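Next up, some structures in structure tokens.
One chain, chain A, links the two complexes that follow: it is found with chain B in the first and with chain C in the second.
On to the complex of A and B.
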């Protein structure tokens, strides 16, 4: 199927009447996913959004329930967002990150209704990356510029139009409802050409990385790797797969709500116990946790690396602590694999 | 710049070889175009990796508080101002620090460079004297270095380090102090307009605390935002009021201490105009007490001393 670029605002306007539609909108020098009220607000620039699409499903601060205590007793009210949503213009790396996060929010032990309700009610319309940037390394972590995991539809930019790949029943229904016309053989050929020509030039070698991380928890490499890290949360908050959270009560007297907030392993109060003890006493242990969680613990738990190679942490780190360099340093470090 | 880089390397290698210091904190080539990244050299061989370019934008004073032993630091004007302020606050022992001063005429703001490429990705930046050539995927632009500087560099009149143990390169001609035109324009706004500015800027805040952590003067053992008994501030980010509270308290806490290096604003991933607040306080302290933080080692910090004729307009109705 195919849709002309000039028809996109109209297509989105039609969706807005039925769905809450999220799309990248311009905010100063970058774009962010926002709910749009007009199809014309959606911008599909070559660059990815500043914050990943994860925040739509797992917001930075999410009210889990509100409460009110009176003499008559306590009253709880839970509000789960079950609005039907369309995410338009999500990049394959961000779509794949949600497939990884599904492991965390939906497994044998836990099923998170807040996250899962939003996931179930959302149609993901992705757009492939014709010009991956120099910090993109999706192909090194099982993704790709036209990867379809986690997507219902994928748009391939062929110049004046998007050739639409239908990837699920939800996607098929939306495409039919929108009245996309069939793509000609020529259109399909140009889409295939675009996909072939899109090159991810940056490669990150993860061979043997897990083996090293399995044994090097106490190795001196960690004394140096974190040294320039400032201990801010920019990398974790901009990361599409970071998912640590903290639960707090926002309360005044007898009224309040319980809120789930993003947490960051970079922060000094991350894993600070009620007793005052913190198993991660310094920046070294905290930075090690970031690497271990993504490239060891998540692999141990779910069989996948928790990184989609979007490059946001590389572009936004205030001191240019580049995860590609860190991984190479870990791989090259001397760890006694026989121990 | 390449000449400065060589001189820095030679100085650092000598200091380490002669065991005058255990560590040299400087910059090495980063992984992005024109990006110097903080680097810690402990051997003459490691010192070979030191460099200097127009992207050495971080304030290295930040790293010095946590180090023990004899340390040398490659410090530009604003780094040295922060060092001076930290020495006065007993956070750095001057006797254990060797300052390799580097006169600095300003660092390049890559966001301004990217704007010249229609916000396309920058693949390379080549320094060419007073100009730089910025290269993108299929376009390039030439610009004057002075047009691409960070705003803090544009307003800086302390490019020459105010103290040093050794100077690398040559002192630059003295620069006149910049005016506070932007701050005055902000002050002239109505309260509602100023409020609107604050709301619009701090609705972008994601509370990653990059500003706080990049600031050489933000070093509280426990930041008030991290304290939960009592809970001074809401921990949730959906409340712009709390985001504003965080920043306003931070800025007030740095009153008379902020050296206007701009590290906070450069660190912010969301592009919040933080210097509007920090520089407002710089202006106030200058006007009220004729003081600037970190410009000489003798004076007491502005808010740690008093004179009988200090203005007290906020206490007494005169």
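On to the complex of A and C.
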């Protein structure tokens, strides 16, 4: 199927009447996913959004419930967002990150109704990346510029139009409802050409990385690797697979609400015990945990690396600590130990 | 889908100053209905998030035993925002309880075995739950000898003093209490837990050791247990890390790839030997 670019705003307007539609919109010098009220607001030509689409399902700050407490009892009111949503223009790396996060919010023992309800009610429409940026390394972590994981529809930009790949029943229903027309053989061929020509130039070798991390927890390499890191947490806040949070009360006396806010393993207080003891005392332990979590613990628990290669942590690190270099260093850690 | 973030409101019926330094209070909480009680089936070793509405939540081991119906008990040291607010709560106030969370002591494995419970300071809470559970008359026959070695800095800091006095007289349990340095009027032992354990612990044959206490106690008790011949698979420990969600999502309590809240807090020494020492 195919949709002409000039028909996109009209298509989005139609969706808006039925769904809450999120699309990248311009915010100063970058784009962010926001609910749109007009299809014309969607900016589909820019590089990936500053913040990942994760925020739609797991907001930076989210009310869990409100309460009113008296001697007789506590009245708790939960508002779980079950609005039907369409995320339009999500990049394959961000779509893939949500599939990874599903493992966390739907684990072997507990389900998070806030995240999972939003996931169940959302249709994901992706746009492939014709021109991956210099910090993209999705192909090194099992993704790709036209990867379809986590998507219901994938749009391939062929110049004046998007060729649409239908990837799920939800996607099929949306495409039929939208009245997309069938793509001609020529359109299909040009989509195939675009996909073939899109090149992720940066490759990170992850061969043997997990084997190294399985044994190198106490190796001296961690004394060096974190040195540049300021512990600012920017990488964790911009990461599409980071999921740490804190739970706090926002209240005046007994009338208030419980809220969860993003938190970060980069901060010392994150693991600080009431007694004053801290299992991750310094930046070394905290940075090691970040790498271990994404490239070892997550793999042990869920069989996947918890990194989608979006490159946000590289672009936004104030001291240019580049995770690609870190991973290469880790892979060579034995050599460093010997020298 | 059950919402794991919603607390069960419970009524505070007793706020008891447990220790002489007044820093540990024991809270007895009552269910508001039978239905509420049914919704909270727990086992010794599990914990719950207690919340003071308006202040927040913090995790505490459950000190009562499932064999004691009608209420929950928690002993809480005053150290932070939530625990301080808890200490100031009055009888009749509403407290939120979220749980039960975590795994529990492997009481099924203990069947037909001797058990030595080793506790220090105010870490005795879930150990109290365990001992009380095993001492229940219809269950007592399932286990061999039950020995409890419990130490505190001084007699005033021991928890559950009345209960300890009753255990002294109870032929179904062998209680050894110890304090760090001698004081007048103390008839128990004097000395640190590791040394006392070495002296009085039962044979490691067919015996499980359950250890909970401050890090320094654990550090010096482990070699003693090894020397006594306890294999790592039969040394059971309960870990504590800072926690928030209690359900393996918020990310802070991990030890290696395991979350203390969801995969613990109870681990065998053998399991911990496989993990980095980030606790």
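By our rule, the second predicted complex is superposed on the first by the 331 of 339 C-alpha atoms of A that agree within 3 Å, B and C clash if a C-alpha of one lies under 4 Å from a C-alpha of the other, contacts with A are read in each partner's own complex, and residues count from 1 in each chain.
In this section, a contact is a pair of C-beta atoms (placed from the backbone, for glycine too) under 8 Å apart; a residue touches a chain by one contact, two chains touch by 3 or more.
All values derive from a computational prediction rather than experimental measurement.
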Overlay done on chain A, so just call it for chain B and chain C: clash or fit.
fit
Per the contact definition in the header, classify A:27: touching chain B only (first), chain C only (second), both, or neither.
first
Just chain B (first), just chain C (second), both, or neither: which does A:246 touch?
both
Does the superposition put A:73 against chain B (first), chain C (second), both, or neither?
second
Which partner does A:258 reach: the first (chain B), the second (chain C), both, or neither?
second
With both complexes overlaid on chain A, does A:225 touch chain B (first), chain C (second), both or neither?
neither
After lining up the shared chain so the two structures overlap, which partner does A:209 touch, if you call chain B first and chain C second: first, second, both or neither?
neither
Computed vertex angle (chain A) for partners chain B and chain C, CA, steps of 10°:
90
Quick one: classify A:217 as touching chain B (first), chain C (second), both or neither.
second
On the combined arrangement from the superposition, state the nearest Cα-Cα distance between chain B and chain C in Å.
5
Overlap of the chain B and chain C footprints on chain A, listed as residue numbers:
246, 248
Would you pull the chain A residues touching chain B in the complex into a rising list?
27-30, 45-47, 50-51, 59-61, 131, 133-135, 224, 227-228, 230-234, 236-238, 246, 248, 250, 259, 261-262, 264, 267-269, 314-316, 318-322, 324-325
Per the contact definition, I'd like the list of chain B residues that touch chain A in the complex.
30-32, 35-40, 58, 62-63, 111, 114-115, 119-121, 123, 137, 204, 206-210, 212-214, 222, 226, 228, 234-239, 266-267, 269-271
Which residues of chain A touch chain C once you look at their complex with the stated criterion?
64-65, 67, 69-71, 73-74, 76, 78, 104-105, 107-114, 116-117, 217-218, 243-249, 251-254, 256, 258, 260, 263, 265, 270-275, 277, 279-280, 285, 289, 292-293, 296-298, 300-301
Chain C contacts chain A in the complex at 1-7, 9, 32, 51, 53-58, 77, 79-80, 83, 92-94, 96, 215, 240-242, 244-245, 247-257, 262, 276, 278-279
